[in-house]
Amino acid sequence: MASQQTEGESRDQGERATPDNGHGADLPFAADQGGMAPARARVAKKSFAAKVADLRPSVKLCLGVVIVLTFATMFAEWVAPHDPYQPNLMQRNRPPSAHHLLGTDQVGRDILSRTIYALRTSVGIALIGVFCGTFIGTTLGIAAGLLGGWTDRIISGVIDFFYAVPTILIMLVGISVLGTKTWVLILLISFARWYSTARLVRGQVFSLRELPSVEAAIGLGSTRRRVAVKHILPNLTSIIVVDMTLKAPAILLLESTLSFLGLGVQPPLASLGAMVGAGRDYLISAPLVALSPALVIVTIFVCFQVLGDWVRDVSDVRHSD
Amino acid sequence: MNGESSAGASTTPVLEVRNLSVKFVTDSGTVLAVNEACFHIDRGETVCLVGETGAGKSVAAFSVLQLLGAGGVSRRARQQGDIILRPGDGREYHILSLPEHELERIRGRLISMIYQEPMTSLNPVYTCGNQVAEVLMHHARKSRREAMAATEDLLKSVGIPDPRRVLKSYPHELSGGMKQRVMIAMALALHPVLLIADEPTTAIDVTIQAQILNLFKQIQRSSGTSILFITHDVSVVAQLADRVVVMYAGRTVETGSVRDVFCRPLHPYTKGLLKSIPKPFKVGEKPQHLIPIPGTIPNPADLPSGCPFHPRCVWAQERCRACIPQVTTPDTGRAVMCWRWEELQGVS
Amino acid sequence: MLQFIMRRGLKAFATMFLVLTVVFFFTRLTGNPFERESMMGNLTPEMLQELQAYYGLDKPVWVQYVHYLDGLMRGYAGRSVHRVGQLVTEAYGLALMKTGKLAIWCVPLGLIVGIPLGIVGALRKDRAIGQAAMAAAFVGYAFPNFIVAIGLILIFSFTLGWLPSMGDATAAHYIMPILTLSAAQIASIARSTRSSMLDVLSQDYIRTARGKGMPRRTVTFKHALRNALIPVVTIFGTQVASLLTGSMIVETIFAWPGFGHLLITSVQRRDYAVVQFGVLITAAIVVTSNLLVDIAYSLIDPRIRSEA
């Protein structure tokens, strides 16, 4: 019985009461296949397109949005109609028009273009954070799990330490020491949330260590590194992926919040949070400066949430086999 | 003999299941779990519902209490037919058409059920005493003290050696056999007219199984409770049952007294079942060949045409594939669903 | 049980000590603010000397550390540079009280709104009202707190003119900060309750309870809820931490002179003594609340109690 804290769907009540049964045989005298697969009508392997069409509408919508946003991020130069950094003091705080779809900000820059570039910056930084953090966490988690002993104790102690202090606080201290510069933010973000991955990985490595295949490999003399790469890593993938989907919005939020407070990405570079922060003073005169990036942030979060749940549902099903 | 059978009881059976069909509508199709099942249970009688896993026995049993889903009837279930309860005070309850609050008055009081998995069937955050007493406090309106005292007696009567300790214990502190006893106590607290037992010994150690079975025999002797005992273990049937109902692919293919069905099975499936049971042999004797029935049970979402057993039946004919056999009742309380039962009498 | 508490308490203490040490040395890494000012030509060498002596910054770092620890044990945590000479402890005392006035509303709000939303979301999960309940909770999750804050200000202060957007003078000043802070809490508690409820409702013992003839309401609230709330308790522990971090943003936006505001401004101004102590307090609160949650968990779930 899974007692994970997944927000997956409930098991369907009807199917639970359905008797366990052998599955259907294609032909009356087919050989016994054993197993206790749930009874389902025979289903041909669906094509990829059919599987996509099968998804819930909310998941499809979010996937679509993610694709659009990814496209905008990667091809910002072609998608954005104007130069986001070019001030134009003759066109300050203009409302939306045909020329500037979302209007202009307080120094005349096109809001839409700026939002697109800000999206790219935010996403870029968030990705750096996610991947670096995951990398660090996985490495340390594996080290702690495989090597045990003092290595484990030290690493666990460090993990506990980081758990005790909220990440944003660590960032704040780091920024206060190193200064409010963009590179500082990026550096600090790369260490964000490594500890959640580390703890997960460590736990998993501990249970994987007991696996007969791993014991056999060690017994046959594989070096630790080989064991780590060949046996442990593949089993960690699903956990790490789920963890990444959990972390990503948190890291994005972190960057947005810091930039909002003026402590993150520095002008002229724009990030979504920074734009919201800058737009705060112009809520009445040019609300779109703040609202446009805010909307993008919310959209991203919503999509993360929906897709994250979906990823967790999908990987859950596989675990319960 | 096993339990008491009141004479002439077939006129007013405690439970009558008529043409019960239960199907579940799922995303991948309709699953027909129970198909026109018919059987009855007389007062004080023990009826065993036998069949392989997946034959529909559990679903039929849950249908009696309308528990097809954790909280009540699942929205995906469609039921047809009639289930009639006659507790003996002259009233008749047609279970399938009762509203929820009426059902709540029947469950636990007139019909009780114990389940296959004692490990997960008790609430982990309340003491065993609490959970048993709850039935008394709710249905019989007893005070907490009265209920707890009665519970202690109940626990003793089901063979729990230290009832006072168990009263205060949590389920996870007890063994599987003890938990099952607690559930039995809970089920019998209000002297229901019918006790449904869904494979209660399947998930327990073999040595404890025997104890639980003895407990059931004791219940049969001392109370007049009718028992619907679901199992796939034919030896349990031999020990406990007065009558047997054999189910296959959701249909009741044969019914009769234990003696009749075991000694003179009429349905090919029953014959096959009995042949595939290992029998002990004496030293020096040749062990009997185990003859399993070829093939597997059909997928309830995709049943064969005609007789559901025909794909695996050695004696199957064209008629068997084409039409569902009628149910014939060669004798009172004896029924079989097969085209060729008469000619196959005595053949094994 | 007592052993368990003591062991964890010790661990907590060790963690806090570590936090303190790391922050202390880390903030000293880039020199002190006065040297910087001096390099910029704003201070004469004599002024530099004086200031450094006053703030104890002229001694080697190790000595400063020992002095700090010593001071801590006597309840002294240094003085603020920005608000010249003010005792750090005093500043935080005031600030914590102000933040407390907000937090004291947010915690119960989170439970009182969050748990019912979660229950409705679980019991009516396929109906409109269930979806609506979760959508409402969702707002707290999808909208980062600074966006909620700005949104509220835009609507209630600038457009409707109903509520003031800065300061903490009147009761009306409380409304928007509390709403903002609680939004995330409510979302989190609601989602956790719902998922836990759904899990519990599909368990065998719920079927047993129904099979005994227990009415729906009893089964939901007596049998299911108690089991479902167990994991929610752990969520609750993380809420304390998020309240603290949330207060940093919310107080900054609404100019609420509380703990978070003090911490942020001290970071911006490189007021190290203040930053240090703030980090220490945060760590202390987080660690303590985690400990309390663990204890509560073992009290609620009899299965854990036997193991502890």
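Think of it as A, B and C in the order they're written, each chain with its own count starting at 1.
Throughout what follows, a residue touches a chain if its C-beta (ideal position, glycine included) is under 8 Å from a C-beta of that chain, and two chains touch if they have at least 3 such contacts.
Not measured: the values here are computed from a predicted model.
Visitor: Please find which chain has its CA centre nearest to the centre of all protein CA atoms in view.
Guide: The most central chain here turns out to be A.
Visitor: Sort out for me whether B-C or A-C is joined by the greater number of C-beta contact pairs.
Guide: A-C
Visitor: Average the CA atoms of each chain to get its centre, and name the chain whose centre is farthest from that of chain A.
Guide: When every chain centre is compared against chain A, the largest gap points to B.
Visitor: What's the distance between the Cα centroids of chain A and chain B, rounded to whole Å?
Guide: 50
Visitor: Averaged over CA atoms, how far is the centre of chain A from the centre of chain C? Could you give it in whole Å?
Guide: Their C-alpha centroids are separated by 23 Å.
Visitor: At what distance in angstrom does the C-alpha mean of chain C lie from that of chain B?
Guide: Taking the average C-alpha coordinate of chain B and of chain C, the gap between them is 55 Å.
Visitor: Among the residues of chain A, which ones contact at least 2 other chains?
Guide: 1, 13, 16
Visitor: By residue number and range, which residues of chain C touch two or more other chains?
Guide: Within chain C, residues 201-203 contact more than one other chain.
Visitor: Which chain B residues sit where two or more other chains touch them?
Guide: Counting only residues that touch two or more other chains, chain B contributes 67, 70-71, 120.
Visitor: Okay, in this complex, where on chain B does chain C touch?
Guide: My answer: residues 65, 67, 70-72, 100-101, 104-109, 112-113, 115, 117, 120-126, 134-135, 138-139, 170, 172-173, 183, 186.
Visitor: Across the complex, what residues on chain C touch chain B?
Guide: That would be residues 201-216, 218-219, 223, 226-227, 230, 300-303, 306 of chain C.
Visitor: Quick check: in the complex, which residue numbers of chain C touch chain A?
Guide: Residue list for chain C touching chain A: 11-12, 15-16, 18-19, 22-23, 26-27, 29-30, 122, 125, 138, 141-147, 150-151, 153-154, 158, 191-192, 194-196, 198-199, 201-203, 231, 241-242, 244-245, 248-249, 252-253, 263-264, 266-268, 270, 272, 275, 279, 282-283, 286-287, 290.
Visitor: In the complex formed with chain C, which residues of chain A make contact?
Guide: It is residues 1, 3, 5-11, 13, 16, 157, 160-161, 164-166, 168-169, 172-178, 253, 256-257, 260-261, 263, 273, 276-277, 280, 283-284, 287, 290, 294, 297-298, 301-302, 305 of chain A that touch chain C.
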